[in-house]
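Consider the two complexes below, in which chain A is the common component and chain B and chain C are the respective partners.
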Partner chain A sequence: MTDNGLYGFKAEMRSMQIQSITKRQDKITPKQKSMAEYLEGRENQIVTKGVDSHELVGGKPSVAGSVSQRACVFCGSRVVLYPIADALHLVHGPIGCASYTWDIRGALSSGPELHRSSFSTDLREKNIVFGGQDKLYQALHELIDKHHPKAAFVYSTCIVGVIGDDVQSVCKRVQKEKDIPVIAVMAEGFQGSKKDGYKIACDALFSLVGTDESMEVSPLSINILGDFNLAGELWMLEEYYKKMGIQILAPITGDGRVQKVQNAHRAALNVVQCSGSMIHLAKLMKEKYGIPFIKVSYFGIEDMSDALYEVAKFFKDDSVMDKARELVKDQLTTLIPALEPYKRALQGKKAAIYVGGAFKAISLVKALRLIGMKTVIAGTQTGNTEDYRLLKTICDDGCIMVDDSNPVELSEFVKQTGADLFIGGVKERPIAYKLGIGFCDHNHERKLALAGYDGMLNFAKEVYETVTSPVWQFVNKNKE
Partner chain B sequence: MQKAESIKKKVMPSGDAFASSCNACKQCTPLGACIAFKGIEGVLPMLHGSQGCATYIRRYLISHFREPVDIASSNFSEETTIFGGNKNFNTGIDNIIKQYHPRVIAIASTCLSETIGEDVQRLIYEYQETHNWMPDLPVMIFASTPSYQGTHSEGFHEAVFAAVKTLAEAFGPVGDHINLFSNMISPEDIRHLKEIVEDFSIPAMLFPDYSDTLDNTSWDSYRRIPDGGTTVDELKRSAQAYASVELGYILNSGGMNGRIKDNGTKQSAGEYLKNKFDVPLVRTGLPVGILESDKFFNSLSSISGKAIPVKYQRQRGRLVDLYIDGHKYVSDKRAVIYGEEDLVVALAAFAAEIGIKPVLCASGGESGKLAETLRKVLGKNYYEDMVVGQGMSFERMEEVMQELKPDLMIGNSKGYYIARKMDIPIVRTGFPIHDRIGAQHSHMLGYEGTMILFEQIVNTLLEDKQRKSPVGYKYM
Partner chain C sequence: MLLRHTTAKEIDRKALTINPAKTCQPVGAMYAALGLHGCLPHSHGSQGCCSYHRSALTRHFKEPVMASTSSFSEGSSVFGGSANLVSAIETIFSVYDPEVIAVHTTCLSETIGDDLTQIVSKANEDGKVPAGKKVIFCNTPSYVGTHVTGYANQVSSFVKFFSTATPKKRNVVNLVAGWMEPSDMREIKRIAKEMEARTIMFPDMSDVLDTPLTGHYDMYPKGGTTQADMAATGDSKFSIGIGPYTTEDACIKLENKCKVKFETVEIPIGLKATDKFIMSLSRHANVPVPDSLTAERGRLVDMIADNNKNFYDKRVALFGDPDTLIPLVEFLLTLDMKPVYIVTGTPGKHFDEAMTELLKEKVPEVKFKSGERADMFQMHQWIKQEGVDMLIGNSYGKYIARDENIPFVRLGFPVTDRPGNNFFPYVGYTGATNLLIKIMDAFLEHKDRTCPEEKVELVM
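Presenting the complex of A and B:
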């Protein structure tokens, strides 16, 4: 310890305090000692399968004072729209909101990379007092002249909603003057959660769809909705579908381009990943353009193969189906034996999942099973009650399911279940590491693709590397 | 130099003069406040505003410190935004107490709560009034940190000031201890400063001390609130210190910072204690390099009346020796230095004393004092063609760099993309470092820290030379 005299007796004091606190709590909720401290009002956001009879409720706002792992509406919109690489993404607000989202997700582009810069109107006190509209107008002109984007998205943040800037009219005006789509994304953070931001982003995209007809379209064409090409997943899918003779007309939004989105109404089918972020757009397109959609997941062998078969089925074309079968067979003959050693090493290990949406969680449970692992905690930030019903059907008994959790709960659950692995985002990483268990990033900041067949292998390898690392021998786990 | 003149003109307007910013070289005020707050023992920070801000800030800090960083939020909804945050504030505090049992709840405002005019000081007062029956009612500290006034650096110093102002009490005679306000430095550097004052046998309150809370050991069980930090008692007694030492020349003294007018009320913690409690204040820079470290060690020596311990005299000697070993590799190199203003001053002073030319000194901060401070601190080592940029974004830095053609960048990891584009080496230091591990152990203060930084710079340059050389030299 580096403590000098002044800092001396601290530790002792602290441990005394902790003891007295624990005692106090025991009195408050004698029934569920270990889970005593989840926040009031959160009881039905936590369910243990096979133990609790109530339903897991999602979609509630976070309670005040919680250290939620959730982000805001703006974040949701930005995440969805940001991979459109030839558009200008201007955050209208004070600097933080833009600064923290600067290139935080990979979102790879095969061409322009305008999306990787973080543009902000960097509002100052005088703008707050006198309004930021003029600054926004100038900024748009300045940036459009400099970067020549194909469209501009203007994100309005909390404070803009409060000072009453008329973002929409500024956008309309600039759109006329500059002759490119300028779209106001009214994503003030306080309006709700990340999920509401997805919906707003879908509306923004929908306003682009149908505004151009110049691209060549094959009769066997699809749009990919809800993949963001964080680590090149989209390119993988492109290759698979190409082998089946299918054109991806508009990737929305991974490796996205404005023109492709504008042409998206001409595809035969929308293939929607994970339901969460993009289902709204699929519904809108179905309503207006009559384009059917299917929901898929690209994660794990089963789900990936289904994604290919479903598309083949839709086109009712035997040659497409044959090609799909062949592709899957090819992939599996190399993949299954390659997974074997990992499976052997990981057999019986326990995993905790805390991810953005419920569909991702479902895919993960299945994929983990494939490499011999059991899911003991399954939680999401933004799942809804319906999603959770589905999640519950595939989880094992004893699995703790949780909605909109926080570090205190998560760490408690990890301790209770003795998980060996945590799958989550950057905010969950230190929880896993502090508790001395492995970690796999399944959120936005990955550098290695987890989708598709190659992705499954990447996943197994990463899980293996972290779970079996010898460094855990130095961690004193409090084995109860 | 004709060219430098033209560039200088181009750079001088501050960030405020532009309608937009691209790739900001700053973060927002509450982030800085949260770092400072983490230096209080038993604390849980809460942001009064929408949830997103807290989540983003946590994510940003976690990626740098690689520690759990719990920051609560009062989670404004649309309704709160219209009718005020009173209810959310109270529920927030209730829930924090229930879940974390903190000794201190440190609250920072956000753009949103400031704009709708929340009176947090009043909310705290009312909460305390209605809860005075509670046995361990946490101490509450509030820092006003709207992000449209200043950067994370101002937020940090604002929080330091707020903690001292809330807690310092005049009770009893002058003690035998000093206050050491250490500025925004790494946990490793905090530990080093503590070691130095200890070796001087000076009892000191270092604030904010997040050396444990943001750089902890592996745990056997999860701690809701990590151990460590400056205690409330120490902060209370800061008014009886016989001196305060404050590191950094600029701190939160900036006049511009996007404010409509400078109302001159900003004080640092040290200034406050001096004005209110007559605690003498010694101001010196962040001790990077020999000259600035000398100032620091000499200050400690004169305050305490004790000689500089032999250990540090030896360190200084070894550092001089190391400078000599490495001088040829750095001599006349042209470096870009960027980050918080006080850090830029310290790094520029260090660069200049080892023969590196700081051709561009840039900060996202806008105190309006960077240029004059650099000139004063660097003194005879001042590089006349230096371009100084305040309110700089990385995009504008890059524009200037394309003309200046520097050999090296020194600063946080966000500049990496420029280094990559221009194929020049970068030495990562300061905040944030998101693409390497070990940022919490970055060490540059004192003779010892300088040694490490110097080696880092020289070796980075050597590595670059080696990599680009057609011959694979085995000796350099």
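Presenting the complex of A and C:
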């Protein structure tokens, strides 16, 4: 259906939306009215399961003037590539883009820490007028001479695209002169959303894949795509797979290394998490190197166990499957009883989710259910229509599903549903607290590993700690 | 070591900035705009800019920060962002209903040449701006100046769009607030009230970025300078610009527009700068300094005296914004400390002159740098060459502090890893005692942890 087609249904959809809001609330207060009014144009991006019959449409660009929680193309590329710790990451643009992305994600490295510094060409007015190519060339030389990195990523920002610097030719030239891969990441912010940035990052990674063959590779080898080793999560996964006798050839990109990415084409299987960011790379590798891929999630017992079983199944090796079963059994024997007290305390509490991708939202709904909680709001920044179809099958009736939301909407939904917990990122945290409810960071600022079995327990603890915090008793939520 | 790549030997850099001691204009504009009551800052550029600035401010203040964006696409960067801005204005007023939209530009919209004057007047003509509401704007190209410049430009735009001179002057002094914490603004207002001076502060982030938890989310908190007060600044008899880098331009504009004379003073961090501010306010508001403030000053002096042996000759490295660094260096000298390395990414002659003036005799070995490549990498190299006893700056200093095992005092923007900067003021005499205690705590905690066992002392 084209956008024009949708537009034709606008009036109808709007009245449906208003009806569904009316159903949620017996009488429409003046605030509610303005809310309904506000929803104009967003009818297709908000669905209440069991109330609305229309489909939740994802992937639409944000309206100009919205207080969107979304970011840009550059942001998408930068967050995906940044964990490669022995590569240089040079931001070509005015200082801001480098400042704001300086070590903001806890993507841990077991070795080099080069990725945690901020390098910028700091373009000034004269560079905007006369071009920034020379400065870029010089900066690359200065950096490579000093740090001898294994590869360099050069991010081009909004303005570079407009002033017409030929970043690619500078990169080619330096690559030749310095004999390391110098990759232009053409991530001008305005060229789309964060999701488009993921794709550009995948292309950059793909240009490295297949350029080295020197690592030892086991027949039971996989690449992990889409884990960024936040709070050391990759290391937990590594433990699990090691116990199954499986080698992780290239973690992409958490605790990443250039050489491992270069060897990634020799793995038997790509295991893709956070499919929004990495599926493009998996598809490219399948096309060129014939490596199959599976999509997994590591959040929650069910999904984590599936991830291990799926990999075992792929290798058609009984001993691997046996080890996987044993591992899962071992883990669950301790985990299930450990979760019990949290589940008792949290039974019937309500959660709101607003995260980056839909896959994470799906895992979260399941993980929350495991600890007795019900998801009443499920939203994402970058989900697509297909993702939302899947999300809807998992959510309970009455759950409000929303695409590309904003603070006004979210806080209104929280009030309507009486949520006790908000799961989101940096910009949602203080809003949740102002509303007097608990908050769990499931985004890149999380400090606790939430993946895997240990992660599930951490998650339960964190949710428990925030939902049952004594501070909320001092908040009078009923006061208008 | 996190910064294991830093070497004592200075490398020759002409093009490269490493670990900047600055960021870009728009975030400053966004912060300043939040100091106007009922104002929604609007970022005219790609979506990422707005998202980054909101995140940066949220991480620092731990408060909701609202701003909208023109959401540029490939099309807008080719054909101009005019259509985006006009439709954004319409959306914002119908959806978020602010009193004022404060538009600032980005590198992208500046480079493609969007003319805000034209676009906004068209939006006005086409009836996109409801009666009683206002759209103001300022130019904040990211490749000129720094976040400090952006703040200054936004504050100037308040004058340009609101200040009006009527025939009747009022016995009021404008306090043009430079880049400070909400707590500092609150403290300055308290001092003015204590002095019974009639003042208007703008911008004013107190009760905007330090709001109480009520169980309700207010998109527009109760604080911020009102439009009426902002208009009345044109009738005030004098303006004091607190922090020359961030307020001088606004003061000049106000003088040109409404004939309000002004002087700029440093942000009142430390004893001398507070003296100067209070004297200025006393003179221009024509009010005496009350005993209560004299007593506060006395308590500060008392505390300095009690602890002076801990400060003497301590070598300090500092980085941040010039409006903060200048009075801070002065305060450290008051304490008998030795500021030896000072770095700010914000360019400007005033900083260099002030540093020379303050330090040429007392600390002849001082190294300071401002502007391009005056970054934290530079400062770290200096520290590697000869160490310091203390580091003062924003949270990004923690890498250096850890690697070099230096006591570290967090001050400036952003402080992302500790709470409280929007709670406890550093300005005024009371603020100076807060700062002094913070400095002492950092020293003594460090000493208690690292000194030999037999030297652990119970009594200071």
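By definition in this document, the second predicted complex is superposed on the first by the 439 of 480 C-alpha atoms of A that agree within 3 Å, B and C clash if a C-alpha of one lies under 4 Å from a C-alpha of the other, contacts with A are read in each partner's own complex, and residues count from 1 in each chain.
Assume contacts are C-beta pairs under 8 Å (C-beta built on N, C-alpha and C of every residue); 3 or more make two chains touch, one makes a residue touch a chain.
All of these numbers come straight from a predicted model, not from anything done at the bench.
After superposition onto chain A, partners chain B and chain C are found to clash with each other. Contacts of A:65 after superposition on the shared chain: both chain B and chain C are touched. Within the superposed three-chain model, A:161 lies in touch with chain B and with chain C [touch as defined at top]. Once chain A of one complex is fitted onto chain A of the other, the partner contacts of A:53 are absent, as it touches neither chain B nor chain C. By the touch criterion defined above, A:473 lies against neither chain B nor chain C after alignment on the C-alpha atoms of chain A. In the superposed model, A:113 makes contact with chain C only, not with chain B. Common to the chain B and chain C interfaces on chain A are residues 37, 61-75, 93-102, 104, 117-125, 127-128, 135-136, 138-139, 142-143, 158-159, 161-163, 189-193, 407-408, 411, 426-427, 429-431, 433-436, 475-478. Per the touch definition, chain B reaches chain A in the complex via residues 15-16, 18-24, 26-31, 41-42, 46, 49-60, 62-63, 66-78, 80-81, 87-89, 91-96, 98-101, 111-112, 115-116, 146-149, 151, 177, 191, 194-195, 198, 203-205, 211, 216, 218-224, 227, 231, 234, 258-260, 395, 414. By the touch rule above, chain A contacts chain B in their complex via residues 2, 4-7, 10-11, 14, 17, 21, 37, 39-40, 61-75, 90, 93-102, 104, 117-129, 135-136, 138-139, 141-143, 158-159, 161-163, 189-193, 406-408, 411-412, 414-415, 426-427, 429-431, 433-436, 474-478.
Residues of chain C touching chain A in their complex: 1-5, 11-20, 22-27, 40, 42, 45-56, 58-59, 61-74, 76-77, 84-85, 87-92, 94-97, 106-108, 111-112, 141-144, 146, 211, 213-219, 345, 372-373, 377, 396, 399.
Here chain A touches chain C in the complex through residues 34, 37-38, 61-75, 93-102, 104, 113-114, 116-125, 127-128, 134-139, 142-143, 146-147, 157-159, 161-163, 188-194, 407-408, 411, 426-427, 429-431, 433-436, 475-480, going by the rule given at the top.
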